[in-house]
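Data block below; observations after.
Chain nomenclature is as follows: A, B and C, assigned in order of appearance, with residue numbering initiated at 1 for each chain independently.
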Amino acid sequence: MAQIIFDSLIRSSTLALLAVGLTMVYSVLRFPNFAHVEFAPLGAYVALAGATVAGLPLALSAVIGIAVCGGAGILADRLVFQHLRDRSPIMLMIAAFALGIAIRETLRAIFGPSPRNFPLPLQAPMEVLGASVTTVQLVIIASAVACMLIFHGLLTYTKLGVAMRAAADNPNLAQASGIFTERIIRAVWFIGSAFAGLGGILLGLDTQIYPMMGFSVIVPVFCAAILGGIGSPYGAMLGALVLGFAENVGLSINFAFLGSLVGVDRDFLFIPAGYKPAIAFVFLIAVLLLRPQGIMGAARR
Amino acid sequence: MIEFLTYLLTIIGIWAILALSLNLQYGLTGLVNLGHIAFFMLGAYGSTILTVVVGTNVVVGLIGGVLLAAAFGALIALPTAHLQQDYWAISTLAAAEIVRLFFKNTTIGGTYQGGPHGYSDIPQPLLDTLGNQGFGIFYLVLVAGFVALSWGLVQWLTGMPFGRALKAIREGDEVPRALGKDARWLRIRAMALGGGVAGLAGVLYAHFNAFVDPTYFKPLETFIVWSMVILGGAGNHLGALVGSLIIQAIYNSTRFLAGAVPIDADTLGSLRMVAIGVLIILVIMFLPNGLVPERVRRYAHTRRRQGSD
Amino acid sequence: MAEPLLQTDNVRKSFGGLTALDGVSLEVRAGGVAGLIGPNGSGKTTLFNVISGFAAPDVGEVRFDGARIDGLSPDRIARRGLVRTFQASLNPQAMTVMENLLLAPQQQVGEGVLAALFRPGAIRRQEDQALERAWEILAQIKLDHQADTPAGSLSGGQKKLLMMGQALMVRPKLLLLDEPVAGVNPRLIDGIVGVIRALQSQGQNFLIVEHNMQVVRRLCDSVTVLDAGQIIASGATDEVLQRDDVLRAYLARQSGR
């Protein structure tokens, strides 16, 4: 039980970092940025290169990776999206899809297709409240929580935060009143992409670093953002939490009781592990059909 | 060389059918379907399971594959009325992955069939009679025939009042609905038609390749089809053909380049995707209507000559 | 007396805290041009939305041609013979003026996939008829020289005319026009009034929202005045437009803008 909660928290941490950035860009520029998740492998690979090639301490190279992602976000806007501000969201979405592939395949060309690991000594898991946990995993959760707190500060005390909250409350008004100056847009790209980079580094610490690591979580990330009402950062955090638990708890529920309802008499009826990725997909579709505005988002059309 | 050329042209043809079907859905109707590869997969798997597992002949497989894909198209069109365009787009991506995961985790047939193993020995019509080279040419002609048929179908429908209604809902539901058009039903039909045509491409692919497994049907493939439509010119069916020719040429160029440049195949494979990605961004930025922009039908000449003109 | 062609019964509609329609009971009888006037924001367009199925009333009923239509989808209401235009142009911009007009007629054989493939003759005949009518309408709304222009390139007034042209292609039992002459070149207004009058004499029924009082006087046999979501007056045009309370409501709002 404690183990499931713990696994869920780790999953939620990485999802939250990615989903918050996605939702930020959405709230300002009003398009689903499919390239967003590619900042995850970018951050992870830069950090990896810093730690292995340049031989820097891992923490320092992680900071560099995060900063590079933030810069890359601004660059993406300067080079591509800035020139498409007056286009339909659909065109921006396709352009983002193309950019995402370009980033991912560039990384694959440089670092190769096979998975890598951060240079960490092998760790013996310790027992915490009955769950076996490694220090790295504690670091993952702690840094995600720290980031969310910092982000909360940003939202509460800065001009950027005011603008973003206004946008989440009333998207049309925010667009019309032009509170999004180019400076704020740049800040949003930087912060959103940097979060995604950190998310990627944490994902890499938890599992492995590989070119598809971003794209393979695109649906869970979108699902978390939409679940929480897209455009709402706190909603994205909550969405990530819900989804992280749904994925892990879903696999550990014995659905035999459902089987007996329909006449299938089996002692064990689990969702096959191969379907784990499908949980987010099914969740996403269900949420879209039942509550297209998200759990927290205000109704909008 | 001839062999490679027939192979390449056949593949281009199959992808051209895919591009035409997406153009019907996106170019004409404005439906941002990011799960297009699912139709391809359903066509391929539908026909494969019918011919390999059930043991029907290829014609039955073809009809079954097309119908399965068309039915899926109708199904995912159902929620369009309730969802914003971008939400629907994301859910199509998810739906396509669910289809892929389903086939990846389900073994239909024997122990080493289906699931991650995929299916091999998919019947290739007339292979025994014609021999390898003869089959290659026969299949190319067959695919070319289906390209012509698909092109004729979408082109004809585009010119009909049906196509006009699809174009109208592309820019919003209000006016068409105020005029009595059932926008939802139009979208369902566009998705089913496009799905069926894409399913046809999948059937053709399965019986050409003789082998399918779930790794062939990843979201990346959907993007390839999209890049064909965007490059060619959304809304113009000739553009879809041009787009598939160019994108497939780039995609397969690594085979020629492999010997010529000192880069390994893996890296080249990635670089060609970078090239396609950058190309599409440039097209969106600088050539938004594509290489062959949508054509406008002119009516001025139909006006009755009157005294003053 | 026969049942009115269109009837709303105690229709209420609010958006959040704002009550846009506050118990509106309106009747439109066949055989005339009815007007609906009222200051900005009084709920006229909202009432059109409710009648045409684009918005569901919170409370109340809408009856048209002897049957309840509230709860039906806009396209089904349109197919029953009630067609509306929009205050702002929402026409497909990439489609040409002529394509917009040809889109409009209902029950087009060629909108079915199978028919499109197998009944080219019938489609041909319908298209020829529609084309002929479209040219007549284009001449009336003075867009005949722009048949092949994309709707997006028209001026605001021309877009208005295009929308009305579309509605005229349909020949519905009742046509709801939302500010048909707003933004239209004054020189064309006489023409539009003429077109509407001519159609009326052929038996076409209208319900028109319009701010231009001269046009209302020339066109409408009866008017209903809406203010803050409530009907404050209703009757023969001349009488209603002379009433003090109507003028006051109107002037107060107009100048307070």
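Note that contacts are C-beta pairs under 8 Å (C-beta built on N, C-alpha and C of every residue); 3 or more make two chains touch, one makes a residue touch a chain.
Keep in mind the model is a prediction, meaning the values are calculated, not measured.
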Reference chain C; chain at largest CA-centroid distance: A
Nearest-to-centre chain - CA centroid comparison: B
Mean-CA-position distance for chain C and chain A (Å): 48
Inter-chain centre distance, chain A versus chain B - centres from mean C-alpha coordinates, in Å: 30
Whole-Å gap separating chain B and chain C, where each centre is the average of the chain's CA atoms: 41
Footprint of chain B on chain C - complex, ascending: 52, 54, 73-76, 78-79, 83-86, 90-96, 98-99, 102-104, 106, 108-113, 116-117, 123, 126-127, 131-132, 135, 144, 147-148, 150, 163, 166-167, 170
Chain A residues within the chain B interface of the complex: 31-32, 80, 83-84, 87, 89-91, 93-95, 97-102, 105-106, 108-109, 112-113, 215, 218-219, 222-223, 226, 272, 274-275, 277-278, 280-282, 284-285, 288-289, 292, 301
Of all residues in chain B, those that touch chain C in their complex: 156-157, 160-162, 164-165, 167-168, 170-172, 174-183, 186, 189, 193, 294, 296-300, 302-304
Chain B to chain A touching residues, read off their complex: 30, 32, 34, 79, 82-91, 93-95, 97-98, 101-102, 104-105, 219-220, 223, 226-227, 230, 266-267, 270-271, 273-274, 276-278, 280-281, 284-285, 288
